[in-house]
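One chain, subunit A, links the two complexes that follow: it is found with subunit B in the first and with subunit C in the second.
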Partner chain A sequence: MTNQQLKVAMVVVALIAIVVIVPNTNSFVILLATRALAFSILVMSLDILLGFTGLASLGQAAYLGVGAYLTAILATRYQFGLGFDFWLVIVLGILLGAALAAIFGLLAIRATGVYFLMITLALGQCVWGLAYRWNSLTGGDNGINLRGRPKFGIDLANEITFFYVVLAFFAASLLLMYVLVRSPFGRSLAGIRERELRMRILGYNTWLHKYIAFVIAGGFGGLSGVLWAHTAGIVSPENVVLTTSVDALLMAVLGGAGTLVGGVIGAGIVFGLREYLSTLVPWWQYVLGAVYVLTILFLPTGLMGIPERIRRWRASPRKPEGAKQLASIPS
Partner chain B sequence: MDTRFWLIQAFNGISYGALLFLVGSGLSLIFGVMRIVNLSHGSYFLLGGYVALTVIWTTGSWLLALPVAALAIALIGLSMERIFLRPLGFDPLRQVLLTVGFAFLFQQAALDIWTGNNFDINPPDVLTRSVVVGGLYLPLYRLFMIGIALAIGVILWLVMDKTRMGAAVRATVDDAQMARGVGIDTSRISMLIFSLGAFLAALGGVIGGAFLGIYPGLDFEILPIAFAVVIIGGMGSLGGAAIGALLVGLADNFGKALFPEISYFTLYAPMALILAVKPTGLFGRE
Partner chain C sequence: MTHTWLRRAGQLLLGLSLALAMRPVSTAGAEELRIGFVAPTTGIFAQVGKDMVDGFQLYLDETKSDFGGAQVKFIVEDEQGKPDTAVTKAKKLVLQDKVQMFVGGLLASSGYALAPVSTAEKTLYIPTIPAADDLTQRDLAKYPYMIRTGWSSSQPSHPFGQWACDQGYKKIVAIGADYAFGYEVIGGFQKAFEDCGGKIIQKIWPPIGTKDFGPYIPTIKQDADAIFTLMVGPMSLQFPKQLAASGNKKPVLGGGTSYDEFVLPSMGDEVIGHVSALQYSAALDTPKNADFVKKYRAKYGKVPSYYSESNYTTAQMIHEIIQKNKGKFPGAEEFIKQLAAMKVDTPRGPVTIDEMRNPVQNIYIKKVEKKKMFGYDKDELWNTVIKTYPNVGQFWTYDKAAFLKQPVYNRDFPPCKFCE
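And then the complex of A and B:
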């Protein structure tokens, strides 16, 4: 087995473990896992931009937002998407996320580095502003409450059934994104991340590559939003606010940018800390803040980068400064 | 909707813009000098307000609260820059995430120390009156805000434009590498500017606390607006920050009064458009 096959096998084993273990725990854990999985589709979509294309977006929550609001508005106003048409809502959510990204991408893709951060922040705030203020459509600050989950043969109101559905969407997204980043297209994205100028000189249309990656990420963001709306049961401006975008970014970095599965690990840890630790101690946010600060200071390659760092450290036991050198490599 | 409406809204917009200038000018200078997207800038604003509350509760002096809060937060900014940001080197993503990690820590600390209640900072009675100008009742406090912003703007402009120190800052904004090359201590400049930015943001928090209130979550509410000021005005430019603050203040007030449903959209959409067309902002230095 090659190294890559081993990694894939480990992910598959981990997924099977989730399938077996989570439904046998209590409903708190099941809901927690469902939330983390739904959100981690957004985190992975961000990782396509961040880890594989080198674009750090500060507005990714916008795509989750449009998917979630679409679901909530269709369900509460038109009773649409509560039966078999749930699948139609999934498709519409993906399309809406991709369409929004197609518009935003036209403005954002030309920018790089800090300017890309800023412009995606501004675009994300546009969506937040509408969600927060457009009372007649979005319910303003109160958001929209969904009154029930879809029912089509299977009843998604059952939390275990719903967990399986979200897990299936998660696994399918992971597989699709994995295929994407391993494809020739994904390889060219990595080339752009490493050195855009060289790729351009080699004749690649780097703008178009980045644009397509941006639109694909938006589509997955929309999907994540549809699932999120039914997971949380409420959609509010909280879902599109700047801190949600920042959360997604931090989860991706915490798990390890450029690894895809790092995103779900980061999401699992953050949701776990936020929802489990907060029931135990009032100062849980210190732990979260400290985890972020320490990760960025000492683990720029994220948790997924730990085995690699141990290996390098072992390979050069006489040079303990090897770890230091690695830390200075920008993530 | 008569002229009175327009005049009152314009006055409110300008005074809000004055407050935004305090938050935005520091953020703009920090960005210009260090190229850091500082997501803890809103926290400085909020913490400034909280520290001021404590000073007012213990001493009863609002006037004392202004410098104490601003200096305390400047000190926090200084330590953050020295201990954490400086050793990180230049990597926009890690810098951004580090500042946001601190914003979360500050949020929790504020919640622990000052609870989650909403507070108002009450200015002295002298400033709570109104003056009548041409039949319009203008709150004295808002005039005071405009005055403070003008005074600080003029001082900053004089320092930036007329002193050796200011010239060094401008050189660092234009080309940090070149500035280092000719012997400017850019590390010290960064430290000064970062502290100054925190100082101004905290001052804004104390002054703004009187009409925005001081409450958890204010930090991330003011932050994107401050970024809008910076971006519309242009990063690293004081004059730009002034014009940006004025535009955002007016746009915010008229937006909320005239078309409330899309009022934030009308603020952030131009910001995104300006970034797309001219990334350095309307008045940014190339």
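And then the complex of A and C:
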């Protein structure tokens, strides 16, 4: 068994563990797990940009937003997407997310670094502005309530059934994104991340690579939005606001950028602290803050970097004194 | 690298087992009344949330949490000012804590988010603060397990529009926060004012959270007799200051939240003489309110706002129903039926509930004055009541059916006929 196969096996085992364990917890934990999984599709989509292409986007919530608003508007106005046509809404959500990213990408991909950050932020806020001000369509500040989840043979109103559905979508997205980043295309993305100029000299159309990655990330964002709308039961401008994008970015960094799985770990921890710990203690914000600060200070590679650091720390005593100090400097 | 991944998986499993270990077990005693309370206790609305919780808590302390034999278990959950967090927390209260009812929510959006949870979970929901008109108007049929004890946004605005007309104002400029609550408060005022013969000659909508009104104040039309404002939060503090600095001499009227007791203590003398309308004023000179204000102030060091009063009153209403049922929760539908048939004497005055589950209550026209009240020795700003409209319902004097046929007040309704 090669190293990579072992990693995959681990993730599969973890997924199976989730399948077995979560439904046996109480219904609130199931609800939280569903929320974290639906959101982590967005975080993973961001990770394609952040971790694999080196583009930090601050507007990722926009794609979740269009997917979610599409679902809510179709369901409440046209009673569409509440039966087998749910699958059609999934497809439409993905297409809409991708289409929006295709438009935004034209504007954003030209820039890099902090300029890319600012353009995506501005574009994301445009979507927020629309959601907030287009009262007749989006319900403005009050948002849109969904009444009931789809029913097609299985009834998604059942929290456990719905949890399995979201988990299935999550697993499928993880698999697709994994295949994507391991493909030659994904490898060239990593090349762009490391040194774009060299890739360009080697004859790669780096703009097109980044653009396609951006569109794909938008598509996954749209999917995450459709699931999110049914998970939360309400879609409001709060879902597209800047802090939601920042949340996604922080979760990706917290779990470990460039690992995909880190996204779900980050999402799990943030949702766990913000929505579970906050029901137990009033000082949950300090814990969340401390987790962020400590991660940034000591684990620039995120929580997924912990094993690597332990390995290095174990290996270091054999080295001379100077090297040991060097090794302990966070890189 | 192999054991790297083994350890990574170990981390994951450790996390999972921790999550499982934290799983609480809820056991319910026979004589226990579990009340869930959803309010923002962190984030930008945390201070308002504190007023809400304090109001409810004060009543519990007074009664030692004993509601006619039932011991109240009061569980506060933080909605963080976000509608979907409010939903998650309400579900937590229902599914995990098995509460008999959940109370609260702050923003209209939270109210709209929480009401469907009550329908889906068949659990009683009491919106004490969310004032969105349609919760108890056009959308009422969707929420059979909800009964409102606070107010609807346009409820104080209708009599206020009439009052402004009675003062002889002919032309008024409205300036208000650009969101649903603002539209409803200003819409109600405009309807009543124009039905009486007045004219709203201009509507200005600064975005919510505006701190610099420099671009808006100079555009206010000079031929107006008065200015009607609807501000919320920090906007309430900034607007009167900047308006005064611009040399304004026109009378200023305002929606309830522009001058409620949550913002009033932080305001300067520039607001003296401003008039607003709401169902509560801390300066209400009744023995019941004087008692409430003194107790609240002694305990929390500040004057109660309508956020506190509404939740205090709601606790009182729940108490009276449970007492009537000898310490048993009668079920959501029966609870609503009994509460709707009840007349409650509260700090804000007598309250009954109409057939659309919204309170019928006094609306007070209040003028900000600097004076001493209730034996406190310092001059402070108080919302002195200058006129009381008794027993005002959400439809005011309008025909209910006709009222419900018109759209909910929004940015374009009522249309601004007299704007140029």
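We take it that the second predicted complex is superposed on the first by the 317 of 331 C-alpha atoms of A that agree within 3 Å, B and C clash if a C-alpha of one lies under 4 Å from a C-alpha of the other, contacts with A are read in each partner's own complex, and residues count from 1 in each chain.
Operating definition for what follows: a residue touches a chain if its C-beta (ideal position, glycine included) is under 8 Å from a C-beta of that chain, and two chains touch if they have at least 3 such contacts.
These numbers were taken from a predicted model, which means no experiment stands behind them.
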{"item": "Combined model on subunit A: subunit C and subunit B, fit or clash", "value": "clash"}
{"item": "A:123 touches, of subunit B and subunit C: first, second, both or neither?", "value": "first"}
{"item": "Touched partner set for A:265, first subunit B, second subunit C, both or neither", "value": "second"}
{"item": "Which of subunit B and subunit C A:135 touches, first, second, both or neither", "value": "both"}
{"item": "Touched partner set for A:25, first subunit B, second subunit C, both or neither", "value": "second"}
{"item": "First, second, both or neither for A:194, with subunit B first and subunit C second", "value": "neither"}
{"item": "Partner chain in contact with A:285 - subunit B first, subunit C second, else both or neither", "value": "both"}
{"item": "Touched partner set for A:246, first subunit B, second subunit C, both or neither", "value": "first"}
{"item": "First (subunit B), second (subunit C), both or neither touched by A:113", "value": "first"}
{"item": "Clash-bearing segment of subunit B, relative to subunit C, as chosen among 111-119, 147-155 or 165-173", "value": "111-119"}
{"item": "Overlapping contact positions on subunit A, where the subunit C interface meets the subunit B interface", "value": "132-133, 135, 282, 285"}
{"item": "Of all residues in subunit C, those that touch subunit A in their complex", "value": "1-9, 11-13, 15-16, 19-20, 22-24, 41-42, 77-78, 80, 82-85, 87-89, 91-92, 95-96, 107-109, 112-113, 115-117, 120, 132, 142, 178-181, 208, 410-411"}
{"item": "Subunit A-touching residues of subunit B, taken from the complex the two chains share", "value": "31, 35, 37, 39, 84, 88-89, 91-94, 96-98, 100-102, 104-105, 107-109, 111-112, 220, 223-224, 227-228, 231, 260-265, 267-269, 271-273, 275-276, 279"}
{"item": "In the complex with subunit B, residue positions of subunit A that touch it", "value": "50, 56, 58, 104, 106-108, 110-111, 113-115, 117-119, 121-123, 125-126, 128-130, 132-136, 241-243, 246, 249-250, 253, 282-283, 285-286, 288-290, 292-293, 296-297, 300, 328, 330-331"}
{"item": "Residues on subunit A engaged by subunit C in the complex (per definition of touch)", "value": "3, 6-7, 10, 13-14, 17-18, 21, 25-29, 31-32, 35, 132-133, 135, 140-143, 145, 147-148, 157, 232-234, 236, 238-239, 265, 268-269, 272, 274-276, 278-280, 282, 285, 303-304, 306-308, 310-311"}
